[in-house]
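Inspection log for the structure reproduced underneath, given as structure tokens.
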Amino acid sequence: MTAVSFLDGGLDGGRTLPGEGLAWLKARRDAGAERFDALGLPTPKLESWKYTRLRPLDDTHYTPIGDDADATEIANLPSVGDVAARVVFVNGKLRTDLSDLASLPAGVRFGPLEDILADDPAWAEAHLGAVADDTDQAMLALNDAMMDSGFVLHVAKGVALTKPLEVVYVGGLTDQAVAYFPRNLIVIEPNAQATLVKHHVGRGVGAYFANAATEIDVADGAIFKHYKVQAENMQATHVATEHTRIGRDATYECFNLAIGGLLSRTEARITLAGEGAHCGYHGAYMMRGKEHCDNTSFIDMAVPHTTCKQVFKGVLDDEARAVFQGKILVARDAQKADGRMLNKTLLLSDNAEIDTKPELEIYADDVQCAHGATTGQLDQTALFYLRSRGIPEPQARNMLVQSFLGDALQEISDETVREVLMDRVVHWLPAHCYLAGEWKESA
Amino acid sequence: MSATAETVEQVHSISGEKYKYGFVTDIAADKAPKGLSEDIVRFISAKKGEPEWLLDWRLKAYRRWLEMPEPQWSKVQFPPIDYQQYHYYSAPKSDDDRPKSLDEVDPELLATYEKLGIPIKEQEVLAGVAVDYVFDSVSVATTFKKKLEEVGVIFCPISEALERCPDLVRKYLGTVVPVADNKHACLNSAVFTDGSFVYIPPGVRCPMELSTYFRINEMNTGQFERTLIVADKGSYVSYLEGCTAPMRDENQLHAAVVELVALDDAEIKYSTVQNWYPGDEDGKGGIYNFVTKRGACRGKNSKISWTQVETGSAITWKYPSCILQGDNSVGEFYSIAITNNAQQADTGTKMIHLGKNTTSRIISKGISAGKSDQTYRGLVKISPKAEGARNYTQCDSLLIGDKCGAHTVPYIESKNKNAIVEHEATTSTISEVQLFYLRQRGIPEEAAVALVVNGFCREVMQQLPMEFAVEAQKLVGISLEGSVG
Amino acid sequence: MLEIKDLHAAVDGKEILKGVNLTVNPGEVHAIMGPNGSGKSTLSYVLAGRDGYEVTGGRIIYEGEDLTDLDPEERAAKGIFLAFQYPVEIPGVPNSTFLNEAVNAVRRYRGEDELDKIQFVKMLRAKTKELNMSDEMLKRAVNVGFSGGEKKRNEVLQMAVLEPKLAILDETDSGLDIDALKIVSEGVNALRSPERSTLVITHYQRLLDYIVPDKVHVLAQGRIQKTGGKELALELEEKGYADFVGEEAA
């Protein structure tokens, strides 16, 4: 086995991983290690990694999280407010003291992966890898081999959750660089409904590498809303691989708000597997400094009568760089597909860069598909207009950025979540956040 | 009779023989032995009496070619090419004794042109087009030379240009498409046999549209023409290129290179109607059209405009591109690509913005029918110094039938905040209600399809010179034959 | 002119017309009125031969000939014209090119000489003038960016140019304000002649104030439920279709 230079102890660090003793899991881990070994870390030679190189992994040596529970004092965690339950991980370890799983509604399982592996290994075996069965993704293989944390959400048939569930990952509070490998498993059974909000919070200045994999099964007639706020710290490398399967007449709505991290990348593979399936896969990114953010998605409209819509908007300042690679595939005979994709980016600085590639691959004729992409700067006429009405330039710029991104956030159907995320957008804007309250009221 | 009505008639008239240009001219040819080696490269160079530097250039290209991998990134699929099965040099026997006028040209050759629908004399007189005929790589007749010479325009086979103005050729050859740009261009650099050379002196507006008809005739002949057009300061030229090839069961290779250079305030308009033999309904035979076309807007305020109508070839792999170096320079790409039966096309453009206030415009219309597969692949790149650069891209695909594919792969890379890039794309089909509407007004189904497709392509058609536009409209109908009903 | 006998037709396997009987003589104007979903548009599509509108029983006799197996373009060439409820947009194809194609296709079918460019333009100018329309509409792509009124006027222009024997106006009044309605009706009336029959399909009576029918039929639940003179339209306006719809929808 080749050395994995970025990881202390390589892929075989001798620590105890969740699910120890489960033969099927061991086999899965071994297969993952072997596959990662064969594939190696992704490089820009791979089309899906054309614009992103895992540079932080070149010169940083990460230590996988140990068995000791973390006890760091922590306060002011983000939340969307009134939630049904909440799981908090700090530096990759579950923190029961911060989590709240007391009042889970009937028919809902929600908690750390290791609990499910211990309590219901048969269920875990049946679902782990059921959606994410691709063999060409090195980062998924690495997660397969190393999964050491993560959560499970299982909503039983017909159960409709009214309040959202929340997961918080806190990183950056360690002296040495750490790595963790969350594996999340989401199963929404037929006609069930749930909303999940994931917060990735970077605290402090410690470097960390999170290589997450998430599998989402939205069964026939189910509705799943999935919101992610990625606000890692300036030393963080965040790589997420998501696989989603959407059943007949089911709806999957996802919004990725990316506002931090040295390097962050989400690669989603979504299959519209049943007729009448709908997918809304959206996001916004706001980057500054030397941050790099990559949103890569592949939406497979595999059967007739499916719809998907994608809106991604972003703002780049300083030397930040963003990548958007979206691909919609309409399979042969998947007639009546309706696929829309839009990516718009504002460059606020001379040194920012956007690389975008909205791609359509279509094998059925009776379809309506469209994509669009724009890059440019703030509308100078609008800026002048606002200034001529007495608004100072910095505020005017903020207003325009906010309205630009707000457009993408309109795709969030949950109003509470939309407001919380909009608030994050406003707080990202430079120096004039004191205006936020006023704007919100006038909006 | 309107163009579409004509199309329909044409469709009916060719239904018996299918590919109209699928005949073979029986002319004794002077060929190199099959295969490729350094000796063959030397043979070609010697045969053409080339200077030493060019032989060295070719040999360098050949050696690089041996090491280079085939481009893997496109969507087209074909078995590995056996480069040793082709002849790399083939010239009509009469080469040693070049005709001084058309009367001296082999009558069979003239008959060939006749069948191609380019009666030389008529074109000379009526259209005022100077045609540099390329017949299996070697130019055999160049007309209208005199008139062009009067204004100082050089328009001749590149082999002749090497004698007439070697310094000009040497100065620009390979400066837009470097020897080792890609495997196909590299092969061309090693073995190119002929092609056109155009030089427009400063301030001259070329008095007529220049045109070259390419044609691959000999069996198992690769065609590797090389075109170099230089528009000096303040000049203008419009260049037309048309292509047909006879029907063969084997796959023939066409790896051409076209280099355009526009200096300050110069403009080059390059139009292509490509109708190489596409192979039969099952994909047997047909041309592999692997072409590297690139223009450099070197000077300020220069402009290069590519217009292409691609209906032929078994496989098309081509990306006519613009490197916008000069401030305020303009690049344009207007494309119609039609694939039917088992054709594959991977085509598009690259617009590389380097200078300030450079603008580019891309209008691409792809029509896929039958079992064909078509990809638009484009790159718009804005460098940090391209202050105020502007790009607009519109890319539409139309699918006819449920066995074909249409793909859009645009790359946008922007490193300048003052640049504005806009890209729009749609994919759709001819709706049943559109066809019904037209048929209800009495228009038969195939004509209705041709009408809708021509409407879909209109923006690009309008960019073509008049004679070309008529030909292109006819081709739309012919190419889509059998795609409905 | 037109004789429909016990016509049954289905769309996607669902029977919509359930035995329609109708006879239209040359020069007559018949109105077919009915509630939404009664099969009015289906009848017009079946007459014009649209794919997917399957005749499952009965016959359509037009000038002594059974139409059932004819393609839409053949029916058009024989003089059947359908003014669409929603005229279709054909991007990039100028209106004049489209009309030229249509006229010559129909002439070819009938074994007549095609009109050359000059003859065609002359004829077209004359027609637009007759109908008080501007030439500008001829240069624009077929129905693209046309207002609702322009689209309907364009249908009338096409009708004038193609000179059909049987014109079917499918909900020509839908989406029109009263001024546009007047203009369109004037156009239609100008084309009335002893050789030309017209089938006016409409939901509302107001169109019939301008295009006065010889007969009015009520189509509901896939059948002609009642036939009368123009006064029947007024009666329907007052009472609605409740008497004909049964319990399905009032």
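A, B and C label the chains in the order they appear, each numbered from 1.
Here is the rule we go by: a contact is a pair of C-beta atoms (placed from the backbone, for glycine too) under 8 Å apart; a residue touches a chain by one contact, two chains touch by 3 or more.
Everything numeric here is computed off the predicted structure, so don't read it as measured data.
Chemist: Suppose subunit B were not there; which sets of chains would still be joined by touching?
Modeler: Apart from subunit B, the chains cluster as A | C.
Chemist: Using only Cα atoms to place each chain's centre, name the chain farthest from subunit C.
Modeler: It is A whose centre lies farthest from that of subunit C.
Chemist: Between subunit B and subunit C, what's the gap in Å when you average each chain's C-alpha atoms?
Modeler: So the centre of subunit B lies 48 Å away from the centre of subunit C.
Chemist: So what's the Cα centroid distance for subunit A and subunit B, whole Å?
Modeler: Computed value for the inter-centroid distance: 45 Å.
Chemist: Roughly how far is subunit A from subunit C, going centre to centre by Cα mean, in whole Å?
Modeler: Roughly 55 Å separates the two chain centres.
Chemist: Give the residues of subunit B touching no fewer than two other chains, as numbers and ranges.
Modeler: As it turns out, subunit B has no residue touching two or more other chains.
Chemist: Using the touch rule from the top, collect the residues of subunit C that touch subunit B in their complex.
Modeler: Spelled out, the residues of subunit C in touch with subunit B are 48-52, 71-73, 75-77, 81-82, 84, 87-93, 97-98, 100-106, 109, 114, 116, 141, 158, 162.
Chemist: List the residues on subunit B that touch subunit C in their complex, please.
Modeler: 1-2, 4-5, 431-434, 436-445, 447, 451-452, 454-459
Chemist: Under the definition above, what is the set of subunit B residues touching subunit A in their complex?
Modeler: These residues of subunit B touch subunit A: 73, 382, 384, 397, 399-429.
Chemist: Within the complex, which stretch of subunit A touches subunit B?
Modeler: 47, 332-333, 335, 345, 347-377
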